[in-house]
Each structure stands twice: as structure tokens, then as C-alpha cells.
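By letter and in written order, the chains are A, B and C; residue numbering begins at 1 in each of them.
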């Protein structure tokens, strides 16, 4: 690489109480950190908000553009100021690419002939981008799991890379000084029906405790879970901060993620678990993991020595039974889990692969436009 | 012959077999020395390999990527799609004047203003043949009131009266008669779906290594029975049978990824995306049976014929169009269109209870002998020549008022429908 | 030089002088040896066999069509007319790919989805000119929502940054700036109209037999001031002036025939229907003054220029486009656009207050020296030559351009109509 590359990240919201606190926004934060770690890239995050503005955070420059959309909803915002803001960048990475925000931004970026990469973070399924094939305008697509790739690769024929992560493995790490309670099962997810927390409670045997960490976004479901938890050793932590969460990762014995494509009310859920980041964070902290066969979750636990997959109640009961009696996992599973995350999903691993992909896209774009006479 | 082809869309944009067939026939006619000019709609996909005789100038008023909820907008689109769009009619008249065809060969007009186009051909006294692979006359009948159709030349029967008709199946003709009340009394020729495979692949041994390989190809949509295939696969997997299902075809795969997951069939069902015809022929030759639980309304269906031609027996809905050409137990297995029936047959196949080699061999012989493209393109050519030879007033295309008449018809229809 | 002309209408389908000017320029450029292609819309009227093969009627027309629906459908039609018509955008792209123009000359893009077409020209990088005969930039900013404008980089004057602007009048440019806030940073050429006087006859004596003979020609519509002419005629008749008014043109003639009858001036005011340009020019020599109380927004009516060139002084709205090229009392009589002012000027003619012969001569000299068609064409040709520059044809061959236009078109519809 001969000079510093300028990369713009476009996201409809940024990870902050001022904007939106969700997995998609956190992903953009992580991605920029991963790229920064590699070096050779100057990055700027563009997002939309109620008013124009700029700020710095963690050494990154954020530019907020006044939302011009008359549509409601975070992912429906956009700004035409991108026409003025983006010239000069070597590459634009459009996050939440299958939304109105993604479609509008794609139209502008492509008109400016800047190499572009799109990533679906589960915010929408915009028909113009899918059925209308707008996604083909990207020079490259990053999918956040093989599962996510499977949803897109029938619609997209260009460069396509799967990057699961990144996880900050220095932050999410075991604490040798903290004792683990092997009987403590940890479940980290928002309290909403498609997370399948009911399935974990239903299968929880006597002798194990369950701690559920996550904000409540569905009160009737929360009530249902509390009723199901009657008589069992179940705790809800609905207001955990980062420190508390880390402490739970470091002191629990097993992590469970039980998301489902068909919730307890019979509702089918599309694109459930494009990437189960909490599972990776737990594993980075040295926890073995049990996940459902939903979305991307099975691909996060490729080795049965530290991770198992269940498809229904009976299987989960069996796994809990083996865990309770010490048949699974063997000693050292936590270390294996962490080593796997460091190797495949850490900031370094993802940063290196992502920047290589960016270079590939820029190079291909340059060849293509040389042919087209740009 | 100078042949003017009119089709709503042409490859590389395709929705199904209709457009692929039109593209293949147009190319074959050009290769056989005819002067061909194809008028079709503009598309968003790259088409740099187009031959010079394709003109993508028509406006397309259908197959929009976004749905509209406003009923008046829906009606308007439908009107332009099925009844009349003057700009397209004017383009057809211009093409007729400049190209001076011996015959106009009309394919699917859905989306480009069918009634107006046919009326213009009648007014210009251009002999025309229509190739029916779907019940498109019904699209006019069900979306345009008779008094509006009358603006374009009397009844629906009158509009089609000058046409020579090529239809894929009796099934289709009967359906058009029932749904549109249109029974063709003139020159009607049956031309089924065909196999365009100059060099047949040798079929690999069936159920190699004890694994049964099912395959299907087509648009990813419920009418094609993809949902049924996934559900049946889920059941059989739970029974412990050893098999796999490869699903080829374009469309939004996302719902099917989740459906496969919901039926616990992720390790036996693969969604493989779209493939070219040539690639599919190779895939068929490596597969054991072709699944085609399509809806009963399917006018024909090229894919099972192509699979049969590659010695891969189809398992197909018993009363779809293509089933007219294949005999149950001889060339294919026909089923009632439900998940139970499909599951039962797939189980029989995966358990080795069906003699796939025998079925595949007879199917391949039948298709290669009777349903070859080489044979049917000759028949199409003969139909077009017959149509072109009918008496006509060749100077009618030079009537300078053709556009005025078409414009008046278009405006009148609009007034009658929307005023 | 290869010139691709893009215009919404082309003869025989015309509304006024603007479309005729476009056609005359196309033909004259061809005659000067340039390779010209015209991309325009269909025409339902019978066309003569002389229609050149380089006129390509491929575009859809979404405006000027009778019986178009109202409500949501009407708004969608307006969107197709002003903002984006996907089929038309592709036709433009295909024309550029086939014809490889050195310059694209855009005339009136209203009715054919002009915004998306101009955006495409910018993306490709082909040199293009915009011939402003009407306030198209205002139409675009007033009828297209701001978020949709942003999609096409048209929230401000950015859309026109790469274009060479040819305007029929400064008046029009001022109006565009005042209403839409759009200026053209790279300047603009004022290329006013012209008068083809090859069929003109020597002017007959003025006020023959003491009668004032007025003439008007153009569209028979309210904005052209036909109501004002009728009401002013009523005043003149009430004052027992000896005068007549002959009105040529197409439009809402039956309504005005009725109106003239109800105002009791049908014995003074006659409607003759449309005439060819040559016929009109021949007829002007018999009249004493040309009435042009057109609306102030009229960018540049051609007819008063032709009348002045024939020695028939125009009585013209003070601040319409054409009036910026004629001097009050020297080449014309300028009026406020009111019935009283028009009636006063007409009475002045009838009373002999104006030296019609002197004004007529001055007008004729000015038009013959400054407003010849050749001179007009020279200016356009110069603009084309100066603006045409090498560009990479391959940019138009980017295979993803149709898909990008498709996304923008559908997104614009989706944002606007849900």
C-alpha cells in the first residue's frame, strides 16, 4: 500500500444514546477499530441525525448530516449532503445496505463512482436493493456470517466476503482472579420472543441456575418468562452495564443462546441472528457455548469440544443433562473457545481480512473504470 | 422471411421459460437465415451481448420491484400493461413501417399494452402469429371490460381472429377457453416445450454411493412448489433417509433459507441460485430425479422436459401442461399436488423402490426424438410461413393515420376507464 | 461535430415557436455539415415523408396529453414528466452509446423526465448544453420534493454545473434565480430568437382609410392576453374608434369567439385559426400594429419580433422576454399588462399619436441586422463548438448505468409515493 486510504463508513445511526444503541451500530464501531488497528487507513463515519454536526470519539471523526427523509424510522433516514461530503474518499462502506438509507446512499456513491462495499446488518429487506437488484451496484459485499451470505448470494454476483466479528478479545477476556461457578448458566440477549429465552428456562434442570441479561423490549414476553421461571433458579438482569456483563461472562460456567425462527407465539422471524456477537464475546471470555440451530449461531461453534448446537427442547435437555453431570465439556474447553475467537474473530483477524478486502475492491474498481474510461 | 418478434422482455432478464424460449427461437430463426427484428422492453440488466436485431425500446409497465397499495395506481398500471400504452403502439407501428415484416411473431405482451399492439397489427394488416405459453388472452379479458376491448376491434374473439396460434398444450387452450371465453377457431398449432441439447450428457449412475440426489430448477416461488419440496425434505430427513435436494433458480432466497431451517433440512436442502441452461443440463445428468410439484395451472414447464431429456426422471404434478407429453410410470412419476404425495414418491425413490434407470432411459429417448428443439423450430418456421402467405394489403402499413387511430383508441380507452 | 438534440416535442407536434426553433436549428445544423440526431417523443399526427431519418421518436411523453388522470395518478404522471421516466433515461443512454455525440443539446426536457436525463448526462460526462426557452429549472425545483432532488444532485444548481446554458433572455435567467435560487456559475449565453423574413413583403401605407388594423398571432390562451385584447377592443369600440383586430393561432378559439360575441366586438375582432410562419410574415405588411399583451413570464415570444421585422410595430408587455431586446418608442410600444394600458396604446395608434412608419422602419432595421436566423445559428454553433470537448465514450458503456438509473428512478417514486 503506497499511501493512506480514505474510507468513509455510512450508517443510519451511530452507537450512542444520542442516536441508537443496537447491534448494528456497535458493529460499525468495532469495524472502524479493527481497521484502525491494521493502520494505513483514515476513516470517517457519516450518519444522519436531526441536525448537522461533527464530533470525535475514540479517535474517530463522526459527521452527522441533517436527515432529509420524510419517512419515520432510523433506517429510513438519509442525506443528499453526501454528494458534497464523499468526493475524495477511496472507498465507501455502506452499513445497513438493504434499507432506504442504504439504497439512497448507494445511488449517490455509485453516481460519484467511488468504490463501495455494502453490509446488511439486519435493518431491512429493501425491495429495490434485492428484487430490483440495486445490491449489484456494490463493488463488494461483506456478510457478517455464512448464514447472512446465504441470504444474499443469490442476489449478488460480485466480490463477497464473510467476516464474523470482530470481537475485542482484550476487553472480552477471562479473569484468572475471578472464580467461575460451573452451575451458573448465562444467557445474554434482549428480552424479545424470537430470542427463545423461554426454551432455555423450559429445559433448565434442577441444580443449574440461569442468569438472563438484557433489556426488556416485550413486556408480555417478560411476564411469560417470569411465570415460567417460578420454582426455578432464574435471575433477570435488565439493566446491566458493560462492567456487570463482563463480570458475568467471567464468572459463569456456560453460555446459552437459544434464538428461534419461530417464536413461542407462533410468529415466524426472518433473519434471526445474522451474527450472534454475544456468543463470540462469551467464548472470548472463556465460556463454552450452547446455541440453537438458528441463523448464524451454529457456525459460531465449529468445534464440539467447546460448543454444541441444539434444535429443540429434548436436545437442549440432553445437553444440560450432560453438562450437569460433567460429561461435557472436557477440561480446557474455555481456553479452546477463546483461542478459536482470537484466531477467527478478533480485531486483528477481522481487521486484516477487511482491509485486504477493501484493497481488492479498490483495485478491481480501478481496473473496471479504466476500461470504462473514468 | 422477415420476422418481427414482439415480446415483453428478453434475456438476460427472465422470469421463466417464456422469455428464454422466445430468445432461443429468435436466435434460431436468425441463424436459419431469416431476417429477424425483435422489439422488446428496456431492462436494467447489462445486455452487452445483444445481437444487433434486438431493439429494447418498449416501456414495461409490469414486474415492478416495488408494490403499490393505491388501487387507482394499480388499475392504471394494469391498464397500460394489458390494454394499451400508446407509446409502445407507436413504436410497433414505426417498426412495422421501417422493417416491413412478412409476419409479426407475438410472444408475451403482458406489461407492454397487449390489446393496443394487436389492434395496430390488425389495422396495418400485418399477418401475425401468437405463441402462447401462458394464458395471456385471459389477462386482457380479466383486466379490460368488454366495452373497452371493443375500442380495439370488437370482441376479444375479433381481436384474435386474424392470428395464427401456437400453443404449448391442450391444457393451456382449454384454460384460455374457460377463463377468457376465447376458443380459437382458426389456424392453431400445438408446439410443446422442447429440449435444446445438441450434445447429450451421459447420465451418471443413479443413487451413487447410496445417496439420492433430487434436483429442481425454476423461479423460487410458492407456485412452483418449492415450499412443498422443503417440507417433504424435512420429513424424510427426520425418517433418516439418505438424500439431498439441490434447488436452482433466481428470486429472493431469504425466505427459503429460513424455511429450510424451520423444517430442519439445512443439511439436505441446498439453495444454489440461478444457473445457465447449459450448466443445468450438466447438473441434471448427475441427479437422480427432477422434482416438479408445480401448480396445476402451469401451462407447460420446460424444466422437467429438459431434465427428462437428460435421463433424469421428473416427479411432477399430474395435470400440469408438460404432463400431456409424458406417461406416468414410463417417462415420469405423476403425483397429486400435495406434500404427502410428494413425500411418498421421494421416499420410494430414496429407498431404491423405483427403477430410475429405466424411467430415465425411456424419458430421454422420448424427449430427444419427439421434443427436440431442431424438430420444433422447423414446425414453428412452417407455421410462420403459412401465416405470412395469407393475402394482405401491404400498403396498409403506410397509412399515415395508423398512429392517429391508435392514439384515439388509447385515449378513448383511458376516458372510458378512468374519466 | 456530432450533435444529439433532446427535446420533448418536435414538429408536426408543436405548441409554439420554441419547438419550431428547435426543428429549424436541427435542420440548419445538418445543412451546415454537422452530424445531427434528434431524440424526441412519439407523434400521433401524420408525418410527411420528408421527415428526416435522423429524427428518432423513441421517447415517452408524459405531458401535454389530453385526458390524463388527476389525483395520485396525475401526480405520478407529473413525476414521470418532470423528474424521471426510466424508459426515456435508457433511450437517452442508448442514443449516446450509438451516436457518440460531441455535444448533447437539451431543449425543453419537461414531459420526458428531464431531471433524471440531465443527471445521466452528468454521470457520463458528455458535454451538454441546455437551451432555456422556458423556466425548466423552476419547474423541477417546484414540483420535485427536496429529498428526491437530492437523489439526482439537484437541490441547488449542481445539476447544471457542467452544462453550457443558452437562454432566450436575461429576463428568464433572472426569474430562475429569483424563484429557484439557481444561478449558473459558469455563465450563460443569451441566444434570443430570430425572425425569418424571407417571405416578408414591403409594408403597405399605415392607417389606410383612417382605420387602425391590429394583428395578433400565437396561442389563443388567457396567458397570451387574448382576454385583454377583447376587453380593450370593447373600450375602443365604445369610443367609436375605427379599428379591426385579426387574431391568428390555435387554442381555445371557440371560447374566445363566444367571448367576443358577448362583448359585442365580434364585428371588430376576428379569429382566423393557425397559419404557417411564412403566411403570417406575408400578412404583417398589411397591419398597423402587432398586439402582444402576453404574460410577464413569457420568456421570449417570437411573433412580435417577426412583426417588427416586417415594419409592424409591436405593442408589447413591458417586461416579457422579447421586450428586453426592443426599445420603447423606438422599435415598439411597451405597456403595462392591463386592459387600460393596452386600450390606451391601441387608441394612440388609432389617433395617430405614434409615428408608426418611423417605429416600423427602426424595428425592421434592428431585426434584419441583429435577429437574422443565420446570426442566431452562428451563436448556437459557437456555443456548441466551445463547449464540445473530448470525453471518454467508454464512460457511457458502463454496464451498470441502467441499473443505477433503475435504482434512482424507483427510489424517487418510492420516496414520493410510498
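To be clear about the criterion, contacts are C-beta pairs under 8 Å (C-beta built on N, C-alpha and C of every residue); 3 or more make two chains touch, one makes a residue touch a chain.
Since the structure is predicted, the reported quantities are computational estimates derived from the model, not experimental observations.
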Which chain wins if you rank chains by how close their C-alpha centre is to the centre of all protein C-alpha atoms? B
Going by the average position of its CA atoms, which chain sits the greatest distance from subunit C? A
Quick check: how many Å separate the C-alpha centres of subunit A and subunit B? 42
If you average the CA atoms of subunit A and of subunit C, how many Å lie between those two points? 58
Distance in whole angstrom between the CA centres of subunit B and subunit C is 48
Mind pulling the subunit A residues that touch 2 or more other chains? 128, 132-133
Each of the following residues of subunit B touches two or more other chains, namely 44-45, 65-66
Mark out which residues of subunit C touch at least two other chains, giving numbers and ranges. 397, 400, 403, 406, 410, 414
Which residues, counting only subunit C, touch subunit A once they are in their complex? 119, 123, 145-147, 149-151, 153, 155, 158, 392-395, 397-398, 400, 403-404, 406-408, 410-411, 414-415
List the residues on subunit B that touch subunit A in their complex, please. 44-45, 65-67, 220, 250-255, 257-258, 261-262, 264, 266, 271, 273-274
So in the complex, the part of subunit C that touches subunit B is made up of which residues? 41-47, 57-61, 66-67, 69, 71-73, 76, 86-87, 90-91, 94, 397, 399-400, 402-403, 405-406, 410, 413-414, 417-418
Quick one: in the complex, what on subunit A touches subunit C? 68-71, 78-80, 83, 100, 103-104, 106-108, 110-111, 128-129, 132-134, 136-137, 371-374
For the complex, which residues does subunit A have touching subunit B? 125, 127-128, 130-133, 147, 150-155, 261-262, 268-272, 293-295, 311
